[in-house]
Amino acid sequence: MMFNFAPVLPLLIGAFFAALTRGRVRALLMLATPVVGAVLLYTFTPGTTVPVEWMGLELTPVRVDRLSLLFGYLFHLAAFLGVIYSLHLKDTLQLVASLAYAACAVGAVFAGDLLTLFLYWEALAVTSAALVFARRSERAFAAGLRYLLIQVLSGVLLLAGAIAWAKGGHGLEFGHIGTGSIAGKLIFVAFGIKAGFPLLHNWLTDAYPEATPSGTVFLSAFTTKVAIYSLARGFGGTEMLVYIGAAMACFPIFYAVIANDLRRVLAYSLINQLGFMVVGIGIGTELAINGAVAHAFNDVLFKGLLMMSMGAVLHVTGEMRGSELGGLYKRMPKTAILCMVGAASISAFPLFNGFVSKSMIVTAVLEEGYEWVWLALLFAAAGVFHHAGIKIPFFAFFSHDSKHVKQAHEPPTNMLVAMTIAAALCIGIGCFPGTLYRLLPYPTGYSPYDSSHVLAQMQLLAFSALAFLSLKIYKIYPPELRSVNLDAEWIYRRLVPNAFRHALAAVGRVGNQVRSHSFRLVSSSILALARHHRSEGVLARSWPTGSMVLWVAVLLGTTLLLYYL
Amino acid sequence: MSALDHLPILVVLIPLLTAVICPLFQNGRTAWKLALGAAWSSFAIACMLLHQVLNSGTVRYQLGGWEPPWGIEYRIDVLGGFVLLIVTSIAALVLSYARRSVEDEIRPGRISFFYAAFLLAFSGLAGITVTGDAFNLFVFLEISSLSSYALISAGRDRRSLNAAFQYLIMGSIGATFILIGIGFLYMMTGTLNMDDLAVRLPEVADTRTVRAGFAFLTVGFGLKLALFPLHLWLPNAYAYAPSVVTAFLAATATKVAVYALLRFLLGIFGVGFSLMSMPFDMILIGLGLAGILSASLVAVFQQNVKRMLAYSSVAQIGYIALGIGLASHTGISAAVMHLFNHALMKGALFMSLGAVAYRVGAMHISDFAGLGRRMPFTMAAIAIAGLSLIGIPGTAGFISKWFLVLGTLEQGWWPLAVLILLGSFLALIYVGRILEAAYFGTPKENSAVREAPLSMLIPIWILVIANVYFGLNTELTVGLATQATTDLFEALP
Amino acid sequence: MSDKDLKRPKSHLFDNPKNVTRVIRGLLLLCLVLVVLDAVIHRHTAHPWEKVFAFYPMYGFVACVTLVLLAKGLRKLVMRSDDYYGRFEEPPEDGPASRSDDV
Amino acid sequence: MMAFLVITAIAAIRRTDLFAVTMLFGIYSFLTAVLFMDLDAVDVAFTEAAVGAGISTVLMLSTLRLTGRFESSRRRNPLLPLLVVTVTGSALVYGMLDAPPFGDPQAPVHQHVAPRYITESPDEIGVPNMVTSVLASYRGFDTLGETIVIFTAGLAVLLLLGMREGQNLRPSRLAIGDFLVLRVVVKVLVAFILLYALYVLLHGDYGAGGGFQSGVIFATGFVIYDLVFGEADVRRVLPPRWLARLAVAGILLYAGVGIFSMLAGRPFLDYSVLAHDPVHGQHIGILLIEIGVGVTVFAVILAIFYAFSGLRRPSQVA
């Protein structure tokens, strides 16, 4: 029984006690939690499964194999860094939610069946939403609600898919699924929402910039990586993913270039990085899967590092808009340097960890002959450097001096420590990729450091920088503006509400003019639905007794007639 | 006969006679102790009975020593035992919780009457679940209904009188319809014993009289269980009744009505007649669905939290009706499970609201602002029970919804499954509204609200923990519900 | 470095335009070297286009310019005012939308 | 007879004068009672007459004194309800056409359970009135239930209105009590009513009647006395607190019989253990429970009446 929850337990217990304790005790406890969890993982042997019968269903709450173990370690590492980063906080809600959130992510990657996966999937949604709510602003609340809705929708789709999958005679085991069946498609979309597929990605760019500084650090590490893990397990080698991934890698960089909120830039760049992983999964060869998984691992580190550095800026200045920031290197040099390490990593400079995994994917793409996808990825790789590698540090720390320079200072030590560890890991893995490679699901003989690769990458990046420089010098580069950029979220935040309003108005007009019964029926039924259910609407009012009795008579008559038939 | 053989009658008789004695005590505290003792002993007996039923099949008891169909027979099968367990356990918990709430809300001179009426309602409900005689069921229905009207009218709010009056009218119509239905059945078969009825009905099932009786029973029980659109009495009755009464009735009364419906329509008429040859399944599905969506939507807009949850009860009844209407083993088991799970969550929710009423005194959603800090344990209970109401996995509510969705998919009616999920989604919104107010609202400055007393918190948390426990360990609920459904299906051709 | 900052608050690394120029020159030099290396080093290639001289540098440059130009175009299409989706509480701020692209 | 019934019902609905409505209800009940007589259901007719025409009319009248005499009228379009009721009603009638014809000895009602009641109950229970033996013994538990329903009704009223003790009582001057003739007649009549009630109670085994009717009649006697002579006298004889105790005692007597049989190792309410001879035991049991029912019914009805008249008092003072 205990083992059913074993991988989750340390983090969960930690979350529980984090709610009860305060101060130094809590700090120690929260630090120890991920360490204990990771040590526990070390005792697991790959290949272990524990079948359990629940509600007459054969479930596997825990399945240990190389893939889940890798993600298990990764999440514990991310939780550890996140905890260090948030040690200065006193906000119980945030601390508890972040540990619980990490626990759910760990649970999800060890889930051996779709139902267990679904449970953790929904729990992820709730706990992560708490991190958005914890910002405690009106904006964050609205964004958090939208976020939660979409996440829950993903869970519902997963559940529906899982049921249909089980009904299709496949059982509930979470193995390769494929998009062949309706069930598979449902699950595919469910995973796709969490993985930030194009047009399904808006929750990410909408909510991540609204969460608390440390909340976003946690958010960027878990939800999407669970999705990547799930895609890798369920849909490895699905060709559609190659194209979806290529689109994901490309389109966000445009938005990233013009987005003003720097954490939104990072959110778009997160989607872009996910695109690389999705391409890898879609290709499905051993090298590609290894690349995708390794890139997920690295992304947690460098994206975490970038998010932490931006979080530090936000913590210190209270500002995240590129148009209002700049010149902070004067006051926050350490943060700036650490941020640049992250930027170099995400841009895949040789000797930084992004390089050792991204090149695997690109190589695999080329090996399988996806010529256009390869070009797209190259474009994306150049674009990453452009927006994440240059734009983030440039506008935050250099550019013109903003008014925040006067009051700015280095963030609390714990933040610096967390960032330093992450930066060290980025460089460490970049220099010695063998350690990471040994953890990957498939044995690999891949070596990223040959002259061709390194040279090609350096050329690409250097000339990207050159492009930035020249555009900047000739004042072609788009300025940072305080603005909102429309994205697919516009569909549900604007289009649908407006269309609904207009449709109602139009329907009303047409109804008056043409006296068309059907139109009036539609308009009035929609209006009535809204009106009747309001607190003084017909359906919500207290009724006179006579009318109640009338209903009884109506129902009696109806049933009688129906029964005679 | 040993004492053990008398258990079926004792489970009803103990609260019944305690109720009769209660008014003799002027001191409300004494009456409470008596009631508490009676409820807990009933609960113990119910456990023993269920154990007996599971070990050795249906338990029977002949009242007055007359064998059926001449005399009245008590008959407890798995379904009855299960519902009896729900009723007794909720009664025991609610009574344990009741003392402070009742002292707060009921006039001092009438407390012992209140407990007497409470016990009468309880024993009436318990009587319905154990009896095997159609007319006896009606008698106990009357006892429970009449005392419910009295209990509701005892609310502090003047509107409770009006609510109780409406409930009285509607309940009486329902009871009359049930009586007429039973009368028709008697006319066609000459017997009142349920088993005997079940044997003799098929011969005459094709007559219009039986069908008319069936219609009367449908509508009568529909009224009692607040099936949409016959639910109109319920929101006000629940909203203005004393907290304790709302908690008890919401958790048990409609459940017992559902039990009676199942007993009559499936146990007596048989699945084949009720759900296959009659369009009753379609009626249940249609009305159930309308109930789920409409009542949930109304709940979303409600400002009075108690009324909001009352509408949510109507929606939950919709789920149960839908489950029965599916006419499949899975569907009906889901309905039976939901009986239990809904009792758990609504019991916990309304008891927590009672605790809020005790400390804050008002039920408007704005009164909940900032209670997350002032009454952390109460609000946490509402949060967890609310999650269960939504059907979040890991809570009891999920289990029954899961089976319900499974049932619809079995029939290939996936649009129904989508609508069920839509209902859950609406539940998410209205529960979210309460939690938003409690955790994100700014509290009113002048109020010095404290956490509810321990005597209220402990019973609440027992139910809350049960919500989680039965969400994880499903052996008891699923096992019992499945077996009860199997019995219903196998009882008759 | 931070200690020095405190003592001489006015002079930072990039306050001196000479340093900026140095960085720019360094980058140009790097680019030049890399292009030259392309001719010198023998590279194994998996795709015919990789054999084109200075393929990666050109691609990188063109890609980025295209990216920025397209993004600017995109801005015309999708940019809306700050409070497009409704106004929320304003962070402490003064003045209208300020441009911040002067290097 | 049915026609009269329908006319009365319609008239009762149409009138807004509540006093007239009450009277019409009385007439309605009486007609129903006659109808039951016609159907050979003497016991039912008796009950209907005692409850419908008797005590409920009296209670309604005393309520009328609390409220106004006229209904506050509100008109709504009656067409829709009428339509619905017509359709439903005709559907019902159509359904009933299928039922066995009235009085058909082959009807299932007369074929299944009833024969044993008719042929064997004299031997098994030894009570000539078969209705009594069904109600009190075969289905004795239902009757206990019904008694508790009555008790619940009383409890409900007390819970709503509270029970007032009699300390601040004074003989009230009610208009109705000022007629000398009325006083004399009532004084004599009450004695007879009470006596008759006792007769009905004890004679229930043989003829029509039983605890229920007897309790109602007994209470009617008290109520009439109260109405004419004021409540103080009645309350002195029977203080409200004693009424509650009486009501409880009645049920406890009833249930006690059942518990006794349980203790004797038989099922609840098995009267055969009350005497050596089972038939004799049945006889004793029935008598005991009829007394229990009578006491409870009487006490509850009177308590309800007290509760309402207690409400009346403050408004009169004011």
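A, B, C and D label the chains in the order they appear, each numbered from 1.
Just so we're on the same page, a contact is a pair of C-beta atoms (placed from the backbone, for glycine too) under 8 Å apart; a residue touches a chain by one contact, two chains touch by 3 or more.
Remember, predicted model here, so these are calculated numbers, not experimental data.
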{"item": "Comparison of A-D and A-B (more C-beta pairs in contact)", "value": "A-B"}
{"item": "Chain whose Cα centroid lies nearest the overall Cα centroid", "value": "B"}
{"item": "Gap in Å, rounded to a whole number, between the CA centres of chain C and chain B", "value": "67"}
{"item": "Length of the line joining the C-alpha centres of chain A and chain B, rounded to whole Å", "value": "42"}
{"item": "For chain A paired with chain D, centre-to-centre distance based on mean C-alpha positions, whole Å", "value": "72"}
{"item": "Where chain A and chain C are represented by their mean Cα positions, the distance between them in whole Å", "value": "26"}
{"item": "Numbers and ranges of chain B residues touching at least 2 other chains", "value": "208, 211-212, 215"}
{"item": "For chain A, residues contacting two or more additional chains", "value": "556, 560, 564"}
{"item": "Chain D: positions in contact with at least two other chains", "value": "91-92, 94-95"}
{"item": "Residue ranges of chain D in contact with chain B within the complex", "value": "91-92, 94-100, 107-114, 116-117, 137-142, 145-146, 148-149, 151-153, 155-156, 158-160, 162-163, 244-245, 248, 251-252, 255, 258-259, 261-262, 265-272"}
{"item": "Residue ranges of chain A in contact with chain D within the complex", "value": "546, 550, 553-554, 556-557, 560-561, 564"}
{"item": "Chain D residues touching chain A - in the complex, by the definition given at the top", "value": "76, 80-81, 84-85, 87-88, 91-92, 94-95"}
{"item": "Residues of chain A defined as touching chain C within the complex", "value": "137-139, 142, 253-255, 257-258, 318-319, 322-326, 329-331, 333-334, 363, 366-367, 371, 374-375, 378-379, 382-383, 386, 395, 398-400, 402, 410, 450-452, 455-469, 471-473, 475-487, 493-494"}
{"item": "Of all residues in chain A, those that touch chain B in their complex", "value": "54-56, 118-119, 122-123, 126, 133, 136, 141, 145, 152, 156, 159-160, 163-164, 167, 529, 533-535, 537, 539-540, 542-543, 545, 547-549, 551-552, 555-556, 559-560, 562-565"}
